[in-house]
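Below, chain A partners chain B and then partners chain C, in two separate complexes.
Then we have the complex of A and B:
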């Protein structure tokens, strides 16, 4: 039973990353009509920024949790201003191609300097150790990742669904021209949205650094799984992305326990099943 | 919404004539390669990728479907052909048939799944499906995991053509490429191709005109996958191995890049793009990961600066169909 709970926890952690990443993809897709292929590369950048902060500047994990998303978010906003914005009005597929190119550049540069092996990032002192829950031993850091991700996801949901800013954002997603006519600076909102989505990816990167090590290709395979998550959940609903992300992580964890051979394919197989049964995705509108 | 190829020149007798002239020139140039001193292995490799890119282009350029998983056809046909040649000791012609048939079957299954969604979702689904296959091949015993299938016997095609001789192999690959290319060309200019283009331009309207667009898209997907698989089977004879690289997502990306560089929706663009990218990889092989960076830069430059690609820009400049 211990092993089952341990795999469930791993599943929840992976689910946190799926949720944070697919949430960002959904927010970006809503505003920019772009599927951000660079999301995995920017997730990796978040982890690397945390690594640099610690090893070059002696700045600890807690500051990295704030600084890395901001740095990567600003980097993302520069990408949006200099490149992505020129794709407005073109076929969506060009956005996919452009961001794929950006991902290759970012990953290639990091691979060049850091190879393909992982760099260690130690767990902050405050979160070291574990506690005995009676039925299992819980490493504190892992518990922290799950709970913190959940809080961030819900805060993002609250920001978009319940605040004035979120209302503008949703309105601009539906009809940008009309929202501009009300005097709201939509291009700036688009830039900020991209920064927010990318910042969430970087945050996930920092959270994963002590668990998965810091590797140039850490986001490359992850982003493909996240795409499958997005296909399953649809990008129409924020809450849908969060729930689908966590649920798929848990299912993956269970698979690791019951049938480990299928653990890295189970999400894709589920995607196929969902497409066969309900082609529009679980929460999605027809796209 | 601007479509991917917004300035397609209508099919006229003149356009057909231009295209046939260029085709004849291309065939002639390819035929004299063994006498030119150019390394035939390089050209053979480029031809396999050129056919692969042409097959991919059939979907994106004429059907508006961006497949981000075309490496799965390359890899699947490669593995099946390699296994058939090495373990079952089938003659080369049957090895090619078995590999291509496997790709066709894969096209039927994956096409049925992926055309359930359009646009961006289609791309994500094809990518996810190819990743699924990647993991299956990683674990399946017959692919030998990380090692791949090595040392594949080339044999005698139809019992007479000795494929271990570079010149013979070259002409076999060349004929295979030209045949595949002509099949795609014929498809594009057939009534089927016209319906496909109408789906790319406006699927709702094609549906309202009574076309069962799903059937057309599925058929195009199977055809594209089959030809891509044929290219994969040919490549087995050139490279004499089948490995996981051929199924990896980065390979799918390279196929997209070749077509984008040459020109999406142009007839000769994928061929030019394949030669450019393969040549680039040869010359820059010593630069390690910078090749990936350069590929990324080319992607970005193509999307931002010249979306028509090399051949597309040339065709636009000359006001001809190429």
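Then we have the complex of A and C:
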């Protein structure tokens, strides 16, 4: 039973990454109608920016948490301005192919220069060590990841669902022409939204840098699972993707305990089941 | 009618004659380096293995003796089906004579069958499974650098003798992991230890916390990592995070490469014990080779034992070609020649290619240095012991290879 508690907690930690990443995807899909396959590559870039900041500039983890999302967010906004915006009215497939291509190029470039086995990034001194919870040894850093990502997820949800700015955003997705008639610069808002979604991915990247290796393929390994999370949660649903992210982390954690061989397929089995029973996802609405 | 027949006969005779001339002078060979060029094993093999092959061609001296040696490389992406497709295409279309490297035991075993079917030469450096020279041995295969038997015996035995008599395995869920766990378990049991549990994890796992908690709960003295590359580095890094080593359990990285240590960083990796058959800083010869190698690598990396094995394996192959004089296209014949000549090269020293295809040479027990002991960017290992070549690998009497039953 103790082991089970531990697995639940570990699942929640992984769930934090799924939640942060699928949240970014959901925001981008909900507002821009783009299936952002470059998300994994941008997550990876976040981790690399943190690595560069530390090793080239001596700038620590805490600053990286702020700087990396901004840097990668700006990179994302340039992508949106120069490429993605031209695909706005087209079929989803075009956006998917373009972003997939971008992901391959970015990963290829990083792999060319930094190899595949990754670079070390250590846990900041303030978060080193761990505490004994009785049923498990919880590294402080992991606890921090769960709490921090929960806060970020809820803040993002609040921003989009409960504020004036969020209301504009949602309206702009519904009917851009009308919102423009009210004097709101819709293209700029969309660019900023893409920047926000991408920034979330980069933030997840910084969070994961001390846990996993900073590797060019770290995003590629994760992105497929995250897409399954988004599909299960319902494309474009903010709350849906947060809850599904954490829930699937837990389910995956339990699978790792009961039948480890299936731990990297269980998410997809669930995805198939959800698609069969409720194709719009658990919280999605029919288009 | 008569004319036609005589013309045909003449034509046939001429063709045969030309074929005879061509084969008598045939000094063309083509080498295919098949590796993981972009995945989790790309740093420990990959482009570095191709470079090593290139250097072996330059150093062989065969070009001066009139040989033409071509080199191509391919990416098997860690998928057996892709590996065998490339291998078939290389033999059928590109007329490749020898396939070298092939990390990933799953792919390596699949390619082993293709090479045997096509009567090519297979010099495996990257794969670990000892099956290549046991149950699945082939007259076309030479297994150069290391194998699971060697790793299990050198590292496993040393740890059990030092008091690590209860083990829990974290095993990569494919041919390699299974072979390494099997061979290590045999050593543990033979030395009076026992295995209290284990987990099979999927290849390319980024999060090991779940598995590490299970290992922690097992109270085993040693947590054996029967995995490689990115899986091993993630497991070691996260084990440090979960306070496993501080809690009194010891990690046994059954297979660890130079590039893995680089990736983990000395801070986390210090004190790990493991076995390799090559290290760049062993002696003047290895240092000289490694310096040349490193200068040509894009990121200045020193060679791993796999890359060194590609170099030495091919050097030995070239010696066999030189001894044969010409006509390098009968794989079984070339490998038989390789078995005849004792191995002796600057990187692995003296040894033999045994009848089952296993190459023997010394194996070294290393310990990762403390950050304070390291004097340079690749100064990572302390030598703590040497297992002589004739003891490091499967004794022929225990090999299950069918070639030995003649």
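One rule holds in what follows: the second predicted complex is superposed on the first by the 277 of 287 C-alpha atoms of A that agree within 3 Å, B and C clash if a C-alpha of one lies under 4 Å from a C-alpha of the other, contacts with A are read in each partner's own complex, and residues count from 1 in each chain.
Criterion: a contact is a pair of C-beta atoms (placed from the backbone, for glycine too) under 8 Å apart; a residue touches a chain by one contact, two chains touch by 3 or more.
Note that this is a predicted model, so its numbers are computed, not measured.
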Clash or fit, chain B versus chain C on superposed chain A: clash
Partner chain(s) touched by A:104 [first = chain B, second = chain C, both, neither]: first
Contacts of A:134 with chain B and chain C, given as first, second, both or neither: neither
Partner chain(s) touched by A:257 [first = chain B, second = chain C, both, neither]: second
Partner chain(s) touched by A:120 [first = chain B, second = chain C, both, neither]: second
Contacts of A:91 with chain B and chain C, given as first, second, both or neither: first
First, second, both or neither for A:227, with chain B first and chain C second: first
Touching partner for A:58 - first (chain B), second (chain C), both, neither: neither
Contacts of A:183 with chain B and chain C, given as first, second, both or neither: neither
Contacts of A:279 with chain B and chain C, given as first, second, both or neither: first
Colliding region between chain B and chain C, picked from 75-83, 183-191 or 345-353 after the shared-chain fit: 75-83
Doubly contacted residues of chain A, that is, touched by chain B and again by chain C: 111-112, 221, 261, 264
List of chain C residues in touch with chain A within their complex: 38-44, 46, 173, 199-202, 204-207, 209-211, 213-214, 216-217, 229-230, 233-234, 237-238, 241-243, 247, 259-260, 262-265, 267-268, 298-299, 301
Contact set on chain A toward chain B in their complex: 29, 35, 83, 86-87, 89-94, 96-98, 100-109, 111-112, 220-221, 224-225, 227-228, 230-231, 261, 264-265, 268-269, 271-272, 275-276, 279-280, 287
Chain C partner contacts - residues on chain A that touch it in the complex: 2-3, 6-7, 10-11, 13-14, 111-120, 122-123, 129-130, 136-137, 139, 141-142, 211-213, 215, 217-218, 221-222, 253, 256-257, 260-261, 263-264
Touching residues on chain B, where the partner in the complex is chain A: 1-4, 60, 66, 68, 113-114, 116-121, 123-125, 127-129, 131-132, 135-136, 139, 249, 253, 256, 260, 288-293, 295-300, 302-304, 307
